[in-house]
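Each structure below is given as structure tokens.
Below, chain A partners chain B and then partners chain C, in two separate complexes.
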Partner chain A sequence: MTANFASRQATNQPKQPRNNGLFGNTLEARKKRFGLLFAVPAFLFFGAFYVYPLFQTFYVSFFSWGLLDEPSFLGITNYTRLFADKEFLNAIWVSFFYAFGVVIPIWGVALGLALIFNQAFAGRQAYLTTYYIPAVISLTVWSLIWLLMYNPTFGLFTVVIRWFGITGVRILDDPATAMLGMIILSIWKGTPVYMLIFIAGLRAIPGDYYEAAQIDGARAWQRLLFITLPLLRPVFLYVMVISIIEAFKVFTPMYLLTNGGPGSATRVLSMFIFQNGFQYLKMGYASAASVIFLLILLLLAVFQFRLLRFQQSD
Partner chain B sequence: MKTRVYTLFALMIISAMLLSACTMPAAAPTGGAAALVADQPIELLYMTHNHAQSIPVNEAIVAEFQASHPNVKITFDNAPHSNYEQKVLTAFAGGQGPDVFWAGDWMVPQFLDAGIVAPVDPAAFGVASQDEFEALFDAGALDAFKADGNIYTGGVSEYNTFSLIYNVDAFAEAGIDPLPKDQPITWEELADIAAKLTVKDGDAVTRVGLAWPFTTPIWTVLIQEPMLRQKGGELVNAEGKADFTQEPMVAVMTYLQNLRNAGGIDPATYTDLLQDFASGRSAMIFGGPWAAKPLSEINPDLNWETAPLPQFADAVDRVTTLYAWAWFVSAKSSPEKQKAAWEFVNLLTSKQQEWWDKVGYVQARQAEVDGMSLPEYYAQSDERLATIFADYPYGKAEFRSTKYFELSDIWTRAQDRVLSGEDVMTVLQDAQAQADAAMTE
Partner chain C sequence: MSRRTLRLVGTISGQLGLLAGAIFIMAPALYMLSASFMTSSEIFSTQVKFLPASLNWENYVEVFARFNFLRYLSNSVLVTGAVVILNLVFSPMVGYSLAKFNYPGKNVLLLFILATVMVPFTAILIPLFLIIRNFGWVNTYQGLIMPFAMSAFGVFLMRQFMLGVPDDYIDAGRIDGASEGRIYFQIVLPLIQPALITLAIVVFVANWDEFLWMLVVTTGDALRTLPVGLAKFREQYTTRYELMMAGSVIAAAPVVLLFLAVQRRFLQGMAGLSGLK
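Up next, the complex of A and B:
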């Protein structure tokens, strides 16, 4: 009787909630901890090569430091100097001009090509492979190919535009056209990757929608406008975010083809930072420029993600 | 749960910040911390750029030195020419700087400012004083490496000037007489000749009169600084201040703009200095003794000649350019390492014949080869080089500044804009503002 009462009392006691969290004692918690163990190398890598340098850069931006000397604290002087530096302001403008000059055409061309290659036609795979070739060539090699293409004497680009009656073009040598030259080679190089992403997005749209629309008498442009584009919106926003960030990070073509010139016509932010940091050994100044560069990219990303959230809730 | 994860994340961030603060890079450690016993093994790091022909020569000399110094092990490292200087500097910044290394003379102010190069140890070269050490070399060859009464190199690995190299057939085709070898023509005459040598097919320039690497900052300095000095100017004055708006600079930039407008130069057509010249795409270039061998290899049929570097008609002084790569020993290395390093440099500099025969590098350390002085020996391999060697005595090293790279970039950007047709004075005023900002830091 007594034993029965005791066991009943124990049964009636309020149950302790099962702790399935990371620090719990359940099987699920153990699984989580075990899973985390596998993520540790990635965390360490990310911490050592991304988080630590990020904070280091931020810290160094408050110092004058020439790599070989003792750092001296400057406070925010590097930042105030930057905003008075015409070359830095020019580099920001050049970066924006380049980035949007590249990505806006890429979005249109990549989407257009994706729509074409999403259709079945003879030789589609061969054409697709050909269009993808620029993406697999290294940017260094690609830049050097275009250096020869732009040569005003024997370059293929010069020869082609001469057929259209355009003569006397010295594309990389003229401050008015040098950036256009960079934009053209970058569009050609970047389009195939985004085209593939768009194709993947198009393939994910269920065919039923198109069949239903067809039965309802929707024309091709209506199917594009009211089915394809709205359903492709998340992919499009992903492409926007990635392409803009990639375009802002550009360095190689400017370094190899014009060294930022003529004058400062193609001196993008990444080149400004490289030159100040590793050629002029102004690490504090270059770090401050990097922090501002990061903030610009963050602001752009936040704006785009907000747009994405707005579109999704829409 | 969420709170714990956030706490963990915050702790990680704080740790990273603390780590950043704790490990704020400081100057590399100074040498001589631990004294090594004389017969204790010594390891040296020897760093050079990766000029292909120089690598086997360096490797052979390393092997020879190690054979005669069994306690010394030398690690030979070479890096691409384009970012070699950055590699050396970042290695020093990380406390992993080389014990012996190549560097250009324009780096000396930065090295001295950072205290990373050691004054020469004459005893390693078998002489008693720095004066005796200097006497081992051509007069003036070590001037760029002197400071505070000390010489900060063990010798010059590559010693260069620029003269004019031209295509004789192109001259004949344009009806221009070959240039005198004993007397420089004027820059004004050169502009006329360059314009006449330029050949066009419609709007395409098939051969440009004169070419050099227009976007490479060091070339800007090497070409324009002698012009500036001939006009009586100096980019950096005695107080270390850069002056881009001085009259001689305006004159040089105006000259270049006129040269471009007359069609004598066309930066857009430039691809590669020697390839363009050897294939007839340019008729004249600037070059040193190093150009002879590759030109003969690229196009053995090319009919080329040399002439002294031009001078302005109103030049106040005959000036050519002079630049050198040299062997340095790190002041951060221990005294024992430095001693071994200087002995190694002595061996490196005493291989004058190998450096010329196998690499094409002119040496400044005097020697007799087959009963001839070095210039005689060099000229014997190609008599056209005699004209170039005659330009050496008029050479002046590049300007001295810890801001060399920044100022040469500013100069190149100004040149670009002037060649694009912008107003010379406006461009130079902008350059001055940039230089002032650079110099005040």
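Up next, the complex of A and C:
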């Protein structure tokens, strides 16, 4: 064990072993070596499966490559082509439309449910369990259920909205409504997880604040507005960042229900990358699209963090 | 008196609202269960039926008879099981290292792990596929398993729990002359046992669901997991909803049953970890 780890140590050694205190038989040095040893799997794993692929994506994006032929250098041509490609610009727009169509209702519903579940009432645990079930049904299964739900003649969804006088809906066959169909099923499945996060955030607020407010005669809505919501801000930021990234990742329902159609109405970025890479074997082109995809998410995250910092300083 | 009546009305209407919400939320899942027992003509009838006339187990028999469903199921169990075990081995190690030790490169590692949460899987899909192809792992179990052997989420979760382990316990072990390895296995791991169960469940639920990677890396029927099997099924038999729903019930059941068995612990664990900063 010790010998093995000393030899790994040697390869990971930075150039100047003088100050980092990795060597020797002091307790500090032994602790450092042990910590590093336990981190080795993470260096290998995240290096091989995340960091290296990220650089590789960037590198391949400058080539034309059909996977079976030799890659040929193109410079930035893939990028200039992308921005002239109506399909790609459509994919960006459609992804934004889907992501915000999903996350904004989720924030509201999840927070509302969390406020309800933050109270004590009979059967709370049973209701919470039931409300959480859509989150544990796998997305593949969930998508297939909704394929049946959306069936234009006998699907449950179509039947129920018919009770409300909305008839002749072919939600997945119409380019104007297909994405709405994706959004509905995603809200249904996505809400419970964020509800749980909000519940945790609410539970973390010290009860003293509410007691003090009550003594001062604050009403329920005042407590909500001036204690709960401001103190929930960090949790809200976390939910915002994670939910938007999750929504941009979406792939499964589009693949199973519409394959990006009708037309290109539901061809989100993930779908665009998958089709270009693995169906048309345009590895370079798909990689360039991946780079832009990453940049979009990065910009969104930066924007959100700025937004929070701005709010905190006011 | 009137105040008490008012409160009673409030309680009852609250319960009715929650019940209506529960039915609403569960409707798609119940519909799946119901449709999985219907005959084809029952599903297609213009007079909409919510319940089958009788429990028609034929669909389940047919799903297993006509497809490699048993194979998909065992592949899913095998792959998800292996991923869970790998995560249980590695995530606590790395989490412990990040929480309790200082060494060169630690902050860079932590930063990278946090950053990977932001990277959508699609964005690294192509190079990841190329790496797995270079390893000769396309259409192998390793290829299905290894990219999920660790997750940023799991490592981060473990780090959070390890931060809560008192340093005194670890130092006491050192003073008693225990090796670092022994401290980890005999003091630290037993302390975070509840967190390990949470980790196992979260990883299980997430990987049982993995679709895109399994789709890309499997080339034949033999290694398909349930989600990919179901997708292929949907492509071949676009109108056999009753079979599709029976297959869906089989795919959903293990996770839902696991969830129901451990729901209290799972919900508390999930709530606990997201409460941590």
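Points to keep in mind about this one:
Criterion: the second predicted complex is superposed on the first by the 275 of 314 C-alpha atoms of A that agree within 3 Å, B and C clash if a C-alpha of one lies under 4 Å from a C-alpha of the other, contacts with A are read in each partner's own complex, and residues count from 1 in each chain.
Simple rule for what comes next: a residue touches a chain if its C-beta (ideal position, glycine included) is under 8 Å from a C-beta of that chain, and two chains touch if they have at least 3 such contacts.
Every value quoted in this text rests on a predicted model; they were computed, and no experiment measured them.
Set against each other, chain B and chain C touch different numbers of residues in chain A, with C touching more. After overlaying the two complexes on the shared chain, residue contacts for A:148 are found with chain B and with chain C alike.
Of the two partner chains placed by superposition, chain B and chain C are both touched by A:278. In the superposition on chain A, A:51 makes contact with both chain B and chain C.
Touch criterion met: A:263 reaches chain B, while chain C stays clear of it.
Judged by the touch definition given at the top, the superposed model places A:196 against chain C, while chain B stays out of reach. After overlaying the two complexes on the shared chain, residue contacts for A:96 are found with neither chain B nor chain C.
In the superposition on chain A, contact of A:60 is made with both chain B and chain C. Once the two complexes are overlaid on the shared chain, A:22 sits against chain B and chain C alike.
On chain A, the surface patch touched by chain B in one complex and by chain C in the other comprises residues 22, 51-52, 54, 56, 60, 147-148, 151, 153-154, 278. Those residues of chain A whose C-beta lies close enough to touch chain C in the complex are 1, 12, 14, 20, 22, 27, 30-39, 41-43, 45-46, 48-54, 56-57, 60, 116, 121-123, 125, 127-134, 136-142, 144-149, 151, 153-154, 156, 159, 188, 193, 196-197, 199-201, 203-204, 234-235, 238, 242, 245, 248-249, 251-252, 255-256, 269-270, 273-274, 277-278, 283, 286-287, 290-291, 293-294, 297-298, 301.
For chain B in complex with chain A, the residues that touch the partner chain are 1, 4-5, 12-13, 16-17, 19-21, 23-28, 83, 86, 89-90, 92-93, 110, 113-114, 116, 202-206, 215-217, 266-269, 271, 281, 403, 405-406, 409, 412-413, 416-417, 419-420, 422, 430, 433-434, 437-438, 441. Partner chain A is touched in their complex by these residues of chain C: 11, 14-15, 18, 21-22, 25-29, 31-32, 35, 43-46, 48, 50, 90, 93-94, 96-98, 100-106, 109, 112-113, 116-131, 146-147, 149-150, 152, 155, 174, 180-181, 184, 205, 208-209, 211-212, 215-216, 226-227, 230-231, 234, 241, 244-245, 248, 251-252, 255-256, 259-260, 263-264, 267, 270-272, 274-275, 277. Per the touch definition, chain A reaches chain B in the complex via residues 21-23, 47, 51-52, 54-56, 58-60, 63-71, 81, 85-87, 147-148, 151-154, 158, 162, 167-168, 170-175, 258-264, 275, 278-282, 285.
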